[in-house]
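The structure under discussion is supplied below as structure tokens; questions concerning it will follow.
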Amino acid sequence: MQIARVVGTVVATQKHRAFEGAKLLLVQPLTLDDKPRGTALLAVDTLGAGVHEKVLVVMEGRAAGEALGRRLAPVDAAVVGIIDTVDVVA
Amino acid sequence: MQIARVVGTVVATQKHRAFEGAKLLLVQPLTLDDKPRGTALLAVDTLGAGVHEKVLVVMEGRAAGEALGRRLAPVDAAVVGIIDTVDVVA
Amino acid sequence: MQIARVVGTVVATQKHRAFEGAKLLLVQPLTLDDKPRGTALLAVDTLGAGVHEKVLVVMEGRAAGEALGRRLAPVDAAVVGIIDTVDVVA
Amino acid sequence: MQIARVVGTVVATQKHRAFEGAKLLLVQPLTLDDKPRGTALLAVDTLGAGVHEKVLVVMEGRAAGEALGRRLAPVDAAVVGIIDTVDVVA
Amino acid sequence: MQIARVVGTVVATQKHRAFEGAKLLLVQPLTLDDKPRGTALLAVDTLGAGVHEKVLVVMEGRAAGEALGRRLAPVDAAVVGIIDTVDVVA
């Protein structure tokens, strides 16, 4: 799983039926010192995460479908946790 | 899922039978400011997306097969949404 | 799926039994202007593709196994189409 | 599988129910000469690995779910071994 | 599948039970002209491959589990062939 920050949302009126009612968050992966890392991607939200929150993102289709509670959904990333603290040992 | 733009099509007369009737779109992943990112790839179309449209692409085999409605199809990417707006929070 | 060119073959006498009779092609991923991109990889052939042909390669285990018609085969890439034309819109 | 070192932990009070009771370790992939390689990621712990230990990390959803003993868990990485020695042949 | 060379082994006394009896090989992916490419990784051995041998490595969980003959094993890479020759066409 990756640490990321919610940086936006995406609206897609025309989409696969499995996405009906699902919220799509734009999430930016972060380094351990909270710098952006690579490109932002879209993840389905399963927890009501808000913009600016630091989240735990799972990036793999089977796992993301499970997170959404729809095993057959065509998704490849999902927010599965809202991060309180990250403790890095020196 | 990734944000991409449809930039072309591919014709392959000789192909796996699961692709019969499926449309293959050439999609170019984009950065948040709409610059090309990495190399274009091929995704099966499930929504009738047209060239120049900004789309939501799922990149993973199980998910792409579900999108196509053929769980056993040998695909690894599919267009699953046509994007109206992307809202990035400052 | 990726666009690639068949650039060679590999012989492996000692191999997992699921590969018996399968042809292993060395395929080089290409950019849209037909330049090599990244490193060549091995894909199982399902269509009788020949050396120098431009092909459509699926890169994911479940999909590749389906392409081979052996769902349980330990493969992660397969040739699933022989490309006639790639149309890129300006 | 990758060689990594446990470098921290993450606390996420609000998370997918499949993570209840699971420990999330921050693991840093290593090169063969024990230098950090790429960005640290989060893996579920299945063995009681401690901070500073060198571990074997599986990075793929199906495999990670199996490691956790919860096939349907939305995870994509897991610690599956604690490494005693790595022998590299000259 | 990737071409790699076996460059070592790893010992992990404490590991997931699915690894009991399995041999873990350290394999270095190669370019077509036999130069190291990227970082070495760990693959389960299914063929009795020895150090210095050039092998065919499948990198994906489902496929690797099949190779090991344990569909539920938490593995993401496996040696599935011992390479005799690689023929690259000019």
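Chains here go by letter, A, B, C, D and E, matching the order in which they are written, and residues are numbered from 1 within each.
Here, contacts are C-beta pairs under 8 Å (C-beta built on N, C-alpha and C of every residue); 3 or more make two chains touch, one makes a residue touch a chain.
It should be emphasised that the depicted structure is a prediction, and the values quoted were computed from it without experimental measurement.
J.: If you walk from chain to touching chain, how few steps can bring you from chain C to chain D?
T.: 2
J.: Which number of steps is the smallest that gets you from chain B over to chain C via touching chains?
T.: The fewest touching-chain steps linking chain B to chain C number 1.
J.: For chain A and chain B, let me know how many angstrom lie between their CA-based centres, rounded off.
T.: Roughly 19 Å separates the two chain centres.
J.: If you average the CA atoms of chain A and of chain C, how many Å lie between those two points?
T.: The computed centroid separation for chain A versus chain C comes out at 31 Å.
J.: Pull out every residue in chain C that's touching 2 or more other chains.
T.: In chain C, the residues touching two or more other chains are 60-62, 64.
J.: Under a traversal of the ring that begins at chain A and continues to chain D, how are the chains ordered?
T.: Chains encountered around the ring, chain A first and chain D next: A, D, E, C, B.
J.: List the residues on chain E that touch chain C in their complex, please.
T.: Checking each residue of chain E against chain C gives 1-3, 29, 31-32, 37, 46-47, 56, 58-64, 66-67, 71, 78, 80-89.
J.: Chain C touches which residues of chain B in the complex?
T.: 7-16, 18-19, 24, 26, 39-43, 51-52, 60-62, 64-65, 72-77
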